[in-house]
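Shared between the two complexes below is subunit A, which pairs with subunit B and subunit C, respectively.
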Partner chain A sequence: MSAEKPSSVEYIQHHLQNNYVGSGFWTFHLDTIIVSAMLGMLIIGVAAYVGRRLETGVPGGLQNFIESILDFVDKTVRESFPYRNPLIVPLALTIFLWVWLMNFMDLIPIDFFPYMFQLLTGNPDAYLKIVPTTDLNTTLALALVVFALVIYYNVKFKGFVGYMKVFLFHPFGKFLIPVNIVMTFIEEIAKPISLALRLFGNIFAGELVFMLIALIGGTMAVGAAALFWAPLQAILDLGWAIFHILIITLQAFIFMVLTIVYLAMAHDEAH
Partner chain B sequence: MNINATVIIQIISFVLLIWFVNKVLWGPMSKLLEDRQKRIADGLSAAEKGKHELELAEKRAKEVLKDAKLQAQNVLSQAEKRSTEIVEDAKVKAAEEAERIKAAAQADIEQEISRAREQLRKEVAALVVSGAEKILHKEVDAKAHNEMLDALVKQI
Partner chain C sequence: MNDQEQNAVSNSAQVNKEKPKQGFNFLMIGSGQMFTAMIISGFIVGYFIDYLLSTTPIFMLICGVLGMIGGAQKVQHMVNRMDKQSTKDVNNG
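== the complex of A and B ==
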């Protein structure tokens, strides 16, 4: 934040700007990359920590917690994925844990990390956007990997010709081939795009609401009015944060379930 | 907000993370969960087996007990039978012995009687002969009258 009080628009724009290097297509959002990588390392670190003292008998606290998550994901996969594929559970597990953690960054008070970062770098205008899932690049990356797997398994289980047949004869039979191609193409493309945009949109909107709530205190709480606006901001922030816990979990879950369902459809030989 | 090369980095991160999660988290954990499942199943089946064995053992114990009771009963009744047999035997033997002793005494008496009778007969014969001698005053030829005397003796 600059020395003089920023306007509401400036405040929001500042928060929506990634910390980046490069230009044009070759721009790298450093905050997105580093935060998501750190969260990934957190997962691996905790897994390695627990993994070194696994208890077959009665599991302790942290192991119990992780086991219940694993059980939950495993059950979800088994319910909607009737095929045998050793990749699916780790994939679903990664999506659920990673997306949830990245979404969770949203619940950290919105100015905390940017402010710390600005103090640390000594640059009062330094950008930092710590929620990787409010960056379309992250959600699209996840969706593209899932999409690549969908295509790979489609070709693997239906054969290349079989997969092309889906484009030609689905959903209206052989007399409307041009329409079929367009329809199926849209259907397939819609999968990764809807995956990416749904997650991005939900978390982005949530983040935006947090910003607007933060603006109450930032712009209106001047002098005696602060006695009214500051508690209101606190109450609204708390309410939205509690609601947001539900949203971040739900979005992580939806991303995982849709991934499983798309892959199950790809395994289906008689489409 | 625009899509750029970050997406490439994120794809690489994601793929690496899947690999790591599989290696570090899901791999050992799923193995552990499977092991635990197997252990629980084993324990349950062992408990079931133990219960079954206990039932069998109880049944066997009951049978053994029943057998033992039956045997004891048998032994008891046999002993009773044997004792009555022995008593009966002893009675019979005693009776026989008494009979035997009685018979022996009878035979003795009989013998004594016949001996006495013989003696008496001889004495009577001698008495008769001496009486007749005295009556006849003459010596009777014992030889000549022996036959007659014998007949006489027998008649007595």
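== the complex of A and C ==
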């Protein structure tokens, strides 16, 4: 941002802009890619660290914490996935942890990392958006990977012909095949779209509220008025941050559970 | 994946078939979004058909309507299933 104080609109627009290279279809959002990769590496690193120091007796704090998350995911999979597939629990655990950590970046004070980045690069207009799930590319990519797995297991367990029959004869039977094809196609496409848009929408809206709260102190606090607006901003920020912990956890849980359910439906031969 | 795990995956459709499918109740979490997503996907599918056939906006409108019908039907199907399950649970005490 430039040296003079930005207007409210400029402030929000600046925070909604990714740091990118390329153009058109080949635009790469560097901040999204780097932050999500670093969070993925954090999961791998912590898992490797705990894995090397596993205790069979009384586990330490970190191992205990990780075991409780693993138990929670395992229980959810057992409740919602009636088949046996060794891929599902690791997949669900990875999705839950990764999505939760990406959402968690929303709780870091909104100007902290962008300001540090601007100081580091010496560019007062440098962009940095550190919440990967507020980028539709991330949520859509996650949803498309899940969708690819759903198609794979559909073809594996129903067979290619069986899967095609779902498109031909569902939902109106054999007399409306052209309509059935379009409707089933729409239904299948709706799965990744609803997965991606739900996560993106919730986290993006949460971040916008953080920006609006930040603007209270940023634009309204002048002179003695700051004595009123600054504490109000702090209280609102704290309240929204506490509420947001629930939202980020719930969204990570919903993404994980719906992935499991869609995969369970793909395993169902009769569906 | 070792051989044992691969066999488990390939046989998974035959395993545990009798178990209740409680997980499908979780679909209710996203029933509202599924309804809107069906309409959005209807428009997207229609847009691409129109793009291929140069018939804008005929298929976009048709598929949008089909998406809305499909979405309503899907939500009704989910609610029905939930309703049956609740009735069964109440009857079983």
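Just so we're on the same page, the second predicted complex is superposed on the first by the 271 of 271 C-alpha atoms of A that agree within 3 Å, B and C clash if a C-alpha of one lies under 4 Å from a C-alpha of the other, contacts with A are read in each partner's own complex, and residues count from 1 in each chain.
The rule is short, and it goes like this: a contact is a pair of C-beta atoms (placed from the backbone, for glycine too) under 8 Å apart; a residue touches a chain by one contact, two chains touch by 3 or more.
Keep in mind that what you see is a predicted model, and the values were worked out from it rather than measured.
With both structures placed on the common chain, the touch criterion links A:33 to subunit B but leaves subunit C unconnected. More residues of subunit A are in touch with B than with the other of subunit B and subunit C. Of the two partner chains, neither subunit B nor subunit C is touched by A:42. By the touch criterion defined above, A:234 lies against neither subunit B nor subunit C after alignment on the C-alpha atoms of chain A.
Shared-chain residue A:120: touches no atom of subunit B or subunit C.
In the superposition on chain A, A:67 makes contact with subunit B only, not with subunit C. Look at A:177: by the touch rule set out above, it reaches neither subunit B nor subunit C. In the superposed pair of complexes, A:226 makes contact with neither subunit B nor subunit C. In the superposition on chain A, contact is made by A:135 with subunit B only, not with subunit C.
Applying the stated touch rule to the two superposed structures, the overlap between the subunit B and subunit C interfaces on subunit A comprises residues 87.
Residue ranges on subunit C touching subunit A, taken from their complex, read 1, 5, 8-9, 11-13, 15-17, 19-24, 26-27, 29-30, 33-34, 36-38, 40-42, 44-45, 63, 66-67, 69-71, 73-74. By the touch criterion given at the top, residues 16, 22, 24-29, 32-33, 36-37, 40, 43-44, 47-48, 51, 54, 56-57, 66-67, 70-71, 74, 87, 89-91, 93-94, 97-98, 132, 135-138, 140-142, 144-145 of subunit A touch subunit B in their complex.
Within the complex formed with subunit C, the residues of subunit A that make contact are 79-87, 157, 171, 179, 182-183, 185-187, 189-191, 193-194, 197-198, 254, 257-258, 260-261, 264-265, 267-269. Interface residues of subunit B facing subunit A in the complex, by the touch rule stated above, are 1-11, 13-18, 20-22, 24-26, 28-30, 32-33, 35-36, 39.
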